[in-house]
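Two complexes are shown next, each including chain A; its partner changes from chain B in the first to chain C in the second.
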Partner chain A sequence: MAKLSRAARREAGQAYLFLAPSLIIFLVLVLMPVLFSGYLAFTNWNFTSGLKGIQWIGLKNFAKLHTDRNFNFALKNTFIYTATSVPMTLLIAMVFAYFLNGRVYCQKLIRTFVFIPYISNMVALALLFRCLFRSDGIINSMLTTNFGMEEGLKWMSSNDLNKIPVILLSTWAAVGYSMIVYMAAMQGIPESLYEAAAIDGASSHQVFWRITVPLISPTTFFLMIIRMIAVFKIFTSISVLSGDIVARGNISLIVKIYQDAFGNYKFGYASAEAWVLFIIIFAATLLQFWGKKKWVNE
Partner chain B sequence: MKTVGKKLLCLMLMLCLTLGNVPALAEGSNDISGKVRFCTAYGGAAGMDAMVAEFNKLYPNIEVEMIQIGNTDAGNAQIDTQLMAGEIDVLSSYTRHRTLGRIEQFIDLRDLMARDNIDMKTEWGDEIEFEGGLYGIPFDGLNYFIAINMNAWNEAGLGELPTAWTWDEYLEASRKMTKEGVFGGSDWHNPECVGFAVRQQLGTDMYFGEDGYTTFTTEPAWQTAIQRKFKAEQEEKIWKSLVDYVGDDSKSQNLFFQGKVASTVTCHIWRFIGDLENYPHDFQVGFAPYPTENEGDTAYLAGPTKFAFACISKQCQDVEAAWAFVKFISMEGDKYLLKAGHLPTWKKTDLDSAVDLVFGDEATADKLVDVPSFKRVVLNIDGTSYLDNRVYSEFASIEKEVMMYIFNGEEGIDEGLAELKARCDEIIDDYR
Partner chain C sequence: MKRRAAVNKAIWTIVIGALSILFVLPLIWMLSASLKPNYEVFNYPIQWIPSTFLWQNYTSIWTDAHMPFGLLYLNSIKIALITIVGKLLISAAAAYAFSKMRFPGKSAMFLCFLGSMMIPAQVTVLPRFVLFKSLGIYNTHFSLILPALFDVSAIFLLRQFYVAIPSDLSESAVIDGAGHFRIWIQIIVPLTKAPMASLAVLALVSSWNDYFNPLIFLVSPQKYTVSLGIRNYAADIYVNQGLAASVSALAPILILYIFCQKYFVQSIASSGIKG
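So, the complex of A and B:
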């Protein structure tokens, strides 16, 4: 490699100087905690005993995961959230984007209303859902009044039902952003394709599925990845909806990790759980990229 | 003259010996100075401002900074972080000072107590050592009782408020007070309420058997308490359901003041009674003891259980100032906890002014509460209480979780109690 001239060295030095703040923040706030957590996953540590209290225990934390019932419930629930909320979000957002892209009465107003939940605070949204799904809330009132049910459903306390408010909230809060991204993608589709399809006598149904959907598939892929990662990390909605009582019906992996770390002060065990979650998200993302070749038009 | 002289000398000697053994109480001092950062869940209006003002009359050179942090998971994480960062000097601790792995955060107070001639048993009624050390002085107590809407009580023709009663008698009263839209009774709004009933019966270390493990599956008190709750809430529907409390995130005191429950198990409702702006109600509140299983049983929830303790952080800079503050809040200053709906734990607390402190004056108190039952039941600082020798902080969240599965109908009572035993015993093994 050719030796750099003094001027080039000076320029490189200046570049590093400008990069330094971000690099330092990245090292201190991201890389070091990640590496430390990787170490902690093989230890037993309750944080309050200080660094001297860290005890190396090898793979015991990972071995315990297999028999931890709540961890297994959390894992199952997290997969259910991902499998339901992600497709629902994308489908609803796509439909809204398709209709709002055309000439629709009050288009801007509807777009704004759909987008508002995305920019709202998740705690506020969760509290709203908490009110909606109370035993004497609007949902149960509608069920008993309009649908003739004798008693309302135990949305928040039944482990068969308490996932539903979480899924609905997670979907509702994300539709706005996905819709905006889809709208931008749809506006990028050449008008000539639609004109050609019209000339060939294609129905609107065929136009949507044969032209629009394939051409926005890269956007769908992108949204699928980011939504999947976001839903795998679902926390605030469950925390606010469930309060301080763990419920195996709706607990997610992040909620479990938080409870083990900050409720039970098992930082080593919580770190092991966090690394398992990271590996799952990483594997799922790699799978998505592998499957991309089959259905994404690029 | 020689005899008089001897007598005078003896008198002086006696005086010196007596005064020398009097604990250093409320001396006050201008010599001690410093800053004390005191962390508690109570706000200034809940008696803390008055307590600090009183303290500063005795110790004008000690500055007290209040740090209010709620008793939640997030709050506890904040407290631990601030303790480690050296930002808290005196902490109002619930279980930290008796939890393995946490006691290292606090100073062992035995030497300071010995220096100032303070005997734990004399002043607070219990020896509260843990792992050979004494890391907290009790200063905050809680007892449990039934708060009663006197309008509903009198309408049901139930007569005088009981001075002691059984669960069957309370259930009967609940039946009579139940009407359309109003539950006659209510338990505490949290799944830990089952443990209250068991505690009332068993007292200290209720979770543990002789083998050191839990007794969920062998102690009949658990089955009895759960079955009674099921019957009252889900069969007879004379109590507000725990499942609805949790699902709606509502509190028993809120429903009580709204007139939706005519009576409720509670511990601190008197904190809210005078707050007519936020808890409007038009009835007088009466008080009855927490029921027992059988007539004549010892009532372990009658007196103030030692709920919170004042601890000094190992990172405290002004230990003498902190110690002066800890002594004050756990002795003369203890009475200000009444404003927060809690009880003093110091045996020598003067409760004569308690009603005035809580309600302003007797005339106002008379309108709001049945004063005789308030003094008899709520201010019962000499009542029997309990103090666990073993505390596992993980038990509380497991108990809440599994009790909800039981009351949701997802697990049978036997299955739920077996799960409780398995998970709690695992915690015990982890610590061993």
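So, the complex of A and C:
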């Protein structure tokens, strides 16, 4: 490195002072923990045995993941949550954003209604869903009274059905965010395109699918990745909906990590699981960079 | 033609408006059920307006002997306020260094910060748990505040605003003998009040709604935050009280939204980097 002049050295010193608080927290609470967690993933460590109890076991944790039935359920469920909730969220958000860009009255009010669940406390929303979906809850009353079903469904205890409240809840709470981002993106579409389409006699259906959807595809891609990463980390809704016992039907990766770490104090094993999640998120982020490049070039 | 367009618009307003009401209908049910006696909560067809308003559901959780709701509010407000002020200060200082100062290792450090955005909190939480236990800040509010102070997306957003401020403004201040600290506080910060307000709103919402961290780091009920505490109001037995607690948890953010809608929307539309 070239020798710095006195003034430059002074400025650098000051810059480090400006950065010091962020840097210290980054080093102590992010970088060190990541490295330590990476190390723990290769160990067997029951937290209660203290630091001396850490045992290096190589890749055994990762080998064990293959045969851990609950981990595989968690992985599978997390992918199901992503594959259902993300497209639903984006489609609903896109439709709302389309109409809220000047195609309906009372835009502010409608926007507020859709946005409110997004800023609401997830624990409160999940407690509410528990009331709606319990066996004598509102949803079952609706099904038996209005839709002629003989008896209500076991939304919570059936391993086939207990994913549904989770998916609905995470979609409901997420639409507001994507809608706002879409609205900003749609405002960027030149008005002249819509005017030209109107002159050519295009229906609003055609305008939506042929003009709006293709022109906001970079935003869709961006939101898809953001939402995917958010759903990979799904935890609160499931933890509160299921109470203390999470069944294999709706367990997610983070719920599994939480159970292994703080239920069984298997910190080594839980770290290995957390790193699997990290790698999945890392891959999604790389995909995002790749997509950004692709769209910028086109 | 114009009239037809207006009719069209009205029809779509009804359709989209009806769909949007579906988004708040569960919340309205919750509000109404939180004021009912327990045996009326699950009545169907839904009785939207309670026969009698049972305010007692609220007073009983707010005066609960073990965990009065006011205490949860105080804890959450305290954590949120310290987090917001600290995060804004620390992030703004870092953003200033990254945008207006020259120092060795600048771009490498910035890349490291950006890269750390990918790391899910669940990877760092176990080592943090171990560290906080050994430092003695486990089961204190600092265990929630400290990690939240470092926020890459806040640094990144502010840096973008700072870069857009022309440098001649600060250079002329340097000629007048002002140091970087004064330039930052007296020139840059006042020019970026709007993004700071958006970040404050974002920080408030994420702090208020956080559940994962309080669940791991807080054990004593008198230290609980709102998110963590509302689970304890026997939501399955006294459903009405559980729902009253949920309404109490939502209310502050929703009221704030009514007054600062602009900043809520801006925080998403401009940053677009937070999930």
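Quick note on the criterion: the second predicted complex is superposed on the first by the 281 of 298 C-alpha atoms of A that agree within 3 Å, B and C clash if a C-alpha of one lies under 4 Å from a C-alpha of the other, contacts with A are read in each partner's own complex, and residues count from 1 in each chain.
By our rule, contacts are C-beta pairs under 8 Å (C-beta built on N, C-alpha and C of every residue); 3 or more make two chains touch, one makes a residue touch a chain.
Note that this is a predicted model, so its numbers are computed, not measured.
J.: What is the contact status of A:122 with respect to chain B (first) and chain C (second): first, second, both, or neither?
T.: second
J.: Among the partners chain B and chain C, which is in contact with a greater number of residues of chain A?
T.: After superposing on chain A, more of chain A is contacted by C.
J.: Please work out whether A:106 is in contact with chain B alone, chain C alone, both, or neither, and reply first, second, both or neither.
T.: second
J.: Quick one: classify A:34 as touching chain B (first), chain C (second), both or neither.
T.: Only chain C is touched by A:34; chain B is not.
J.: Looking at A:130 after the superposition, I want to know if it touches chain B, chain C, both of them or none. Which is it: first, second, both, neither?
T.: both
J.: Which holds for A:156: it touches chain B only (first), chain C only (second), both, or neither?
T.: It touches chain B, and chain C stays clear.
J.: Applying the touch criterion given at the start, work out whether A:274 contacts chain B, chain C, both or neither, answering first, second, both or neither.
T.: second
J.: In the superposed arrangement, does A:62 touch chain B (first), chain C (second), both or neither?
T.: Neither partner.
J.: After lining up the shared chain so the two structures overlap, which partner does A:47 touch, if you call chain B first and chain C second: first, second, both or neither?
T.: A:47 contacts both chain B and chain C.
J.: Just checking: does A:16 make contact with chain B only, chain C only, both, or neither of them? Give me first, second, both or neither.
T.: second
J.: Where on chain A do the contacts with chain B and the contacts with chain C coincide?
T.: Shared contact residues on chain A: 47, 130, 134, 136, 243, 262.
J.: Would you pull the chain A residues touching chain C in the complex into a rising list?
T.: Result: residues 1, 4, 8, 11-12, 14-16, 18-19, 21-23, 25-26, 28-34, 36-37, 40, 47, 95-96, 99-100, 103-106, 108-110, 112-117, 119-125, 127-132, 134, 136-138, 141-142, 145, 172, 175, 177, 180-181, 183-184, 204, 222, 226-227, 229-230, 232-233, 235-236, 239-240, 243, 254, 257, 261-262, 267, 270-271, 274-275, 277-278, 281-282, 285 of chain A touch chain C.
J.: Using the touch definition up top, name the residues of chain B that touch chain A in the complex.
T.: 72-74, 76-77, 80, 83-84, 101-102, 104-105, 191, 243-244, 246-249, 393-394, 397, 400-401, 404-405, 408, 410
J.: Could you list, by residue number, the parts of chain C that touch chain A in their complex?
T.: 8-10, 12-13, 16-17, 19-21, 23-24, 26-27, 29-30, 33, 41-42, 44-46, 89-91, 93-94, 96-98, 101-104, 106, 109, 112-113, 116, 118-128, 130-131, 146-147, 149-150, 155, 179-181, 184, 205, 208-209, 211-212, 215-216, 226-228, 230-231, 235-236, 239, 242-243, 245-247, 249-250, 253-254, 257, 261, 264-265, 268-269, 272, 275
J.: Across the complex, what residues on chain A touch chain B?
T.: Per the stated touch rule, the residues are 46-50, 53, 130, 134-136, 154-159, 243-248, 258-259, 262-265.
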